[in-house]
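What follows is a set of structures to go through.
One chain, chain A, links the two complexes that follow: it is found with chain B in the first and with chain C in the second.
Entry: the complex of A and B
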């Protein structure tokens, strides 16, 4: 399976973490499949270079894409809750080219992962990321602020390494 | 086969047909169904834009899964969307949705009194759809 990108949105509907992995086939000289990480804090500075890069294939910058992704999951979540009552939750959707997995914690923290379409449901994996990485390295970090405006506190080294390692194990 | 509901959306995102077959979804008003149809139309357009792959002509949302149902969306070349809500892990929804499209072509499009893009009021379509989706009833 291929993991394309990963997003975290906080309870204020703000994107606090973006991570993008490009496919090894689309990079000219792939040293490793996980080539170009983009974090939320650096997203504004690297947004233009990512958009201009022809191999990335994305017409939208990552910051813009994050807004669209949030719009989609927010609408679908409300739609599912209206159709099936408040205890139902939306798990994933698939299009012809990718699959989006969604996990929401009780504190309205939303984890979203975009993968290829053959991947099974990743709800448990996203839960693992929340429990083993987010809680351990972001929530329990004494230097991390309570609210992560602009991604502050989330993009620390341990969390990044943890995410990288985790995605390698599920790939 | 347990199909909860069938919805048909015209190319502008308006709801032109809605029918429940089995209990499983909440009872919501016709107005709420219109809102859901409109919302879904927009979401469908956005999902084709956020595709991370290089392939052009990306399709929009095809299958939506939740804990209590699975929804299959099929968009025809003319922009009509067929939404089938069924119980989770229901196989062969592709076949079901294509058969509903065939019934639509036979009993709605071939009806000389049907006005295009308008709500579907066709007894033949209702009857054949019910016979296909819920044969035992």
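Entry: the complex of A and C
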């Protein structure tokens, strides 16, 4: 499997961590119109759109991507809860080109990972990232602030190395 | 999750997933903190209580993540009674190896008491004999802050305070916890 990118959002709906692994590989993107990598329609698992690879060379900055990703997971999560009650939770969705995995803690931290479509559900892996990396290296780091505005405290070296190593193990 | 399952969970986390340190080290460290505060604030015990609560609050904000990671809880408590059960049987068990008794529920299920039959923080402690501390200092007030901070992170605004303390000569050590409200999910900022 291939991991494209990874996001963490805090309870204030702010993106506190972004990581991207694959730069554009195949799609020669420049000529294409600016395609939004995640739109509401891509959530319906139809494989119609052409260049929806989140990491392909479209011109969206990572910050814009994060905003769009958050918009989608926030709506989907609320929709799932409304349709099936509070016990249900949103796990993942896939399009023709990628799969988005979602894990939310009770403290409203949201972990999102974009991978290729063959990947199994990564909820457990995201939970492990939370338990073994986020809690250990971010929460328990006495020098990191409690609120991570602008990603402060999350982007420390131990956490980065941990994430890198972890992603390598699930590949 | 049934109450007995929680007791077992607390037991298991305590046994297998908690790093343990010498209890006396904790007791003496906490004692030094309180003693230093009393000295620094010149015996203004109301302020000492406040500072202890604040320190606890900051601990609670982080401790909740460790708690969730170790206890592996993924679902929110269905009601406040469940919350009380989890605090006592899993939370206190996991971090202090005690299980406070839950008592005195109010009729609207929004208030309960935790009775600390034993309090590891208060071993070896005698309150200062200055005529004031006995009536003003809540020695273990940090615990109140911890609970307040931790519950705030899981979207519950609560008020926590001590109503009695064996150190003050009462029969029990009792904390009163009141649910003020459930905090709503924050909405993303509308920037378009």
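Assume the second predicted complex is superposed on the first by the 137 of 171 C-alpha atoms of A that agree within 3 Å, B and C clash if a C-alpha of one lies under 4 Å from a C-alpha of the other, contacts with A are read in each partner's own complex, and residues count from 1 in each chain.
Heads up, the rule we're going with is that a contact is a pair of C-beta atoms (placed from the backbone, for glycine too) under 8 Å apart; a residue touches a chain by one contact, two chains touch by 3 or more.
Owing to the predicted nature of the structure, the values given are computational and were not obtained by experimental measurement.
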Message = Per the contact definition in the header, classify A:121: touching chain B only (first), chain C only (second), both, or neither.
response = first
Message = Just to be sure I read the superposition right, which of the two partners does A:79 touch: chain B = first, chain C = second, or both, or neither?
response = first
Message = Touch test for A:91: chain B only (first), chain C only (second), both, or neither?
response = first
Message = Output check: A:146 vs chain B and chain C. Expected answer is one of first, second, both, neither. What do you get?
response = second
Query = After lining up the shared chain so the two structures overlap, which partner does A:4 touch, if you call chain B first and chain C second: first, second, both or neither?
reply = first
Query = With the two structures laid over each other on chain A, which partner does A:166 touch: chain B (first), chain C (second), both, or neither?
reply = neither
Task = Of the two partners chain B and chain C, indicate the one touching more residues belonging to chain A.
result = B
Query = Where does A:68 make contact in the superposed view: on chain B (first), on chain C (second), on both, or on neither?
reply = first
Request  = Name the residues of chain A shared by its contacts with chain B and its contacts with chain C.
outcome  = 71
Key: In the complex, chain B residues that touch chain A   = 25-26, 28, 32, 36, 39-40, 42-43, 46-55, 58-69, 85
Request  = Name, in rising order, each residue of chain A that touches chain B in their complex.
outcome  = 4-5, 23, 26, 57-58, 60, 65, 68-69, 71-72, 75-76, 78-80, 82-85, 88-98, 100, 114, 121
Message = Going by the contact rule set out above, which residues of chain C touch chain A in the complex?
response = 58, 61-62, 64-66, 68-69, 72-76, 153-155, 185-189, 191
Footprint of chain C on chain A - complex, ascending = 11-13, 67, 70-71, 74, 86-87, 105-108, 127, 130-131, 134-135, 139-140, 146
